[in-house]
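Below, chain A partners chain B and then partners chain C, in two separate complexes.
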Partner chain A sequence: MKLLSLEGSNITPEIKFDGDMGKLSLKGRSIPENALEFYQPIFEWLDEYLNSPQQKTIVHVQFDYFNTSSSKCILDVLKRIDRIDEAGHDVLIKWYYDENDEDMMEAGEDYSALLEAPFELLEIE
Partner chain B sequence: MQEKGTKKKKANNNVFESEYTNLKRVTTFLKEHSEEIDIDNKFRQELVTLSKSYKETLDESRLITKVSDRLQRKVETAKQKLEESNIELQETVDALTKARVGRKAATIVLIIAVILFLVVEGVLEPIIDDWVAQNFDASYTTPFSLGVKLILALLLRPIEMVVEKALMRNTAKKKVNELKEAKFVKKEPKVEGK
Partner chain C sequence: MVDVYRLYERMQDNNIMLSFKGEVSFDLVKSVLDILEGRLEKIEDNPKVKKKVFNILVECLQNLGHHVETSGPAVDRDSHDNTALLMIWTEQGDYRVATGNYIKNENVEKLKAHIDKINSFESRQELRAFYQSILGNQQFSEKGGGGLGFIDIARKSGQKLDYNFKPVDEQYSFFSFQITIPKGA
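Then we have the complex of A and B:
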């Protein structure tokens, strides 16, 4: 499967989705004006991946900051991951947050409450 | 890195309490009347789909509201920090201006003192000496002359304060004019084709 790689910027996160390895990662800040426009290719890539996912998929999520519309898009990304779990494949979502960033930890807790897939909250020192 | 766990927490959000109550009422109704209504009944199917979709939307709304609240809190904290830093910066700028103005005032007063010294020594002292000799006893000339010099020396500090105040006023006026000009330049519309 084609690798999805998007360079991170001041307003968009770095995206690295490796379908062959079942390794997906989102890292950085997500504050684009049009969040849907940025996340659309990610949704499309995930919809394609959903058709033939790897037996084990690990998702690394490490945000510094995201805006309100991105929070909805992130949820849509994680819901697609949830569907892989529902389909009987192994999925693990790893949510990283800075040790001083309580807000990001709480955001992770909120997301985990809405998802069925295993969700790990990991503190970065 | 330190694992915090995979605990799932359903936080209560009072903002959507009535919506969740409505949802609960519908799901309870569906459960209670599951035997009465045929499972293939289209109304039942649609209601189940609708309540599922409503729950999803409600959960999403709750999440987005929380994220938004956190963002607002972050922005507010950053704004407060910025305001505090601005005050600190302004205090530092004021202190620096005061010190600069103080140095300038001290230099001016020193020049005044030198001029006064020269005027007293060269011009005033002979006049004072003559006047004292004419009106009082000649032995009073030295204490009288020292007294005048002392008064002038004591006047140096008030003169320094007056000069300092005048310089501060001048600096403030300059700053206001600069700000006014900056504002005016900012507001001036761009003239195209020139």
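Then we have the complex of A and C:
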């Protein structure tokens, strides 16, 4: 499967989705003007990956900031991971947050409450 | 001539970090965030507060930008549709952000009810449950964020949202909004 790789910017996260390895990562900030436009290709890639996912998929999520326009899109990304889980494949969502960034920790907890897939919260120093 | 020095001193005395009045475009939003991020880097030692202030600014600017987008282009030169005011200052270590923009009278009730509801919650947990219910609700508009912005501002600041609507004419009211991010929040 084609690698989805988007360089991060001041307003958009770095995206590295490696379908062959089952390793997906989102990192940085997500404060674009039009979140849906930015996340559309990511949704499309995931929809294709859903057809034949790896035995194990690990998703690394490490945001510095995201705006509320992105929050729904991030949920839609993670909901797709849920579907891989439902289909009986191994998945793990790893949500990283900076030490002392309680807001980002809570954001992870909020998502975790809306999802079925295994979800780990990890503090980074 | 305008007494520019006096104006400057007044802004200096009031610890104004940034003040802007005009059209809010996305390029402007980006520039404002760049400037303020740089300023915060210099004046704020607490990384937690730095993040909160930046996050809240993002949401305040998004609210302003969203308003402009939905109200469409100005019909005539006198139209006050698409200009807004933004001011950020510090007061004894607390950060304060104020915004002002015109809003169509027909939209006042809905916005007022939304903010009143946010302010009615007594605990962080209630506010959080409200956020989660909107986030988890499939109905909510992907574009506007479904009103999550104000909830996020209330959650991150831990403060009540201060606002006022002033009727201007038959079509418009002026919406003033203010939030405080306490030092060491």
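In this text, the second predicted complex is superposed on the first by the 125 of 125 C-alpha atoms of A that agree within 3 Å, B and C clash if a C-alpha of one lies under 4 Å from a C-alpha of the other, contacts with A are read in each partner's own complex, and residues count from 1 in each chain.
Here is the rule we use: contacts are C-beta pairs under 8 Å (C-beta built on N, C-alpha and C of every residue); 3 or more make two chains touch, one makes a residue touch a chain.
Worth saying up front: this structure is predicted, and the values here are computed from it rather than measured.
Chain B and chain C, once both complexes are superposed via chain A, clash. Once chain A of one complex is fitted onto chain A of the other, the partner contacts of A:98 are limited to chain C, with no touch recorded for chain B.
Judged by the touch definition given at the top, the superposed model places A:110 against both chain B and chain C. Looking at the shared chain after the overlay, A:71 reaches both chain B and chain C. Of the two partner chains placed by superposition, only chain C is touched by A:11; chain B is not. Looking at the shared chain after the overlay, A:43 reaches neither chain B nor chain C. In the superposition on chain A, contact is made by A:33 with chain C only, not with chain B.
Among the candidate segments 1-9, 55-63 or 127-135, the part of chain B whose C-alpha atoms clash with chain C in the superposed model is 55-63. Annotation: chain A residues 65, 67-68, 71-72, 75, 103, 106, 110, 113-114 touch chain B in one complex and chain C in the other. Those residues of chain A that touch chain B in the complex are listed here as 65-68, 71-72, 75, 96, 103, 105-107, 109-114, 118-125.
Residues 26, 29-30, 33-34, 47-48, 51-52, 54-55, 58-59, 62, 65, 128, 131-132, 135-136, 140, 142-146, 148-149, 151-152, 155-156 of chain C are the ones touching chain A in the complex. Residues 1-11, 59-60, 63-64, 66-68, 70-71, 73-74 of chain B touch chain A in their complex. Interface residues of chain A, counted against chain C in their complex, comprise 10-11, 31, 33-36, 64-65, 67-69, 71-73, 75, 98, 100-103, 106, 110, 113-114.
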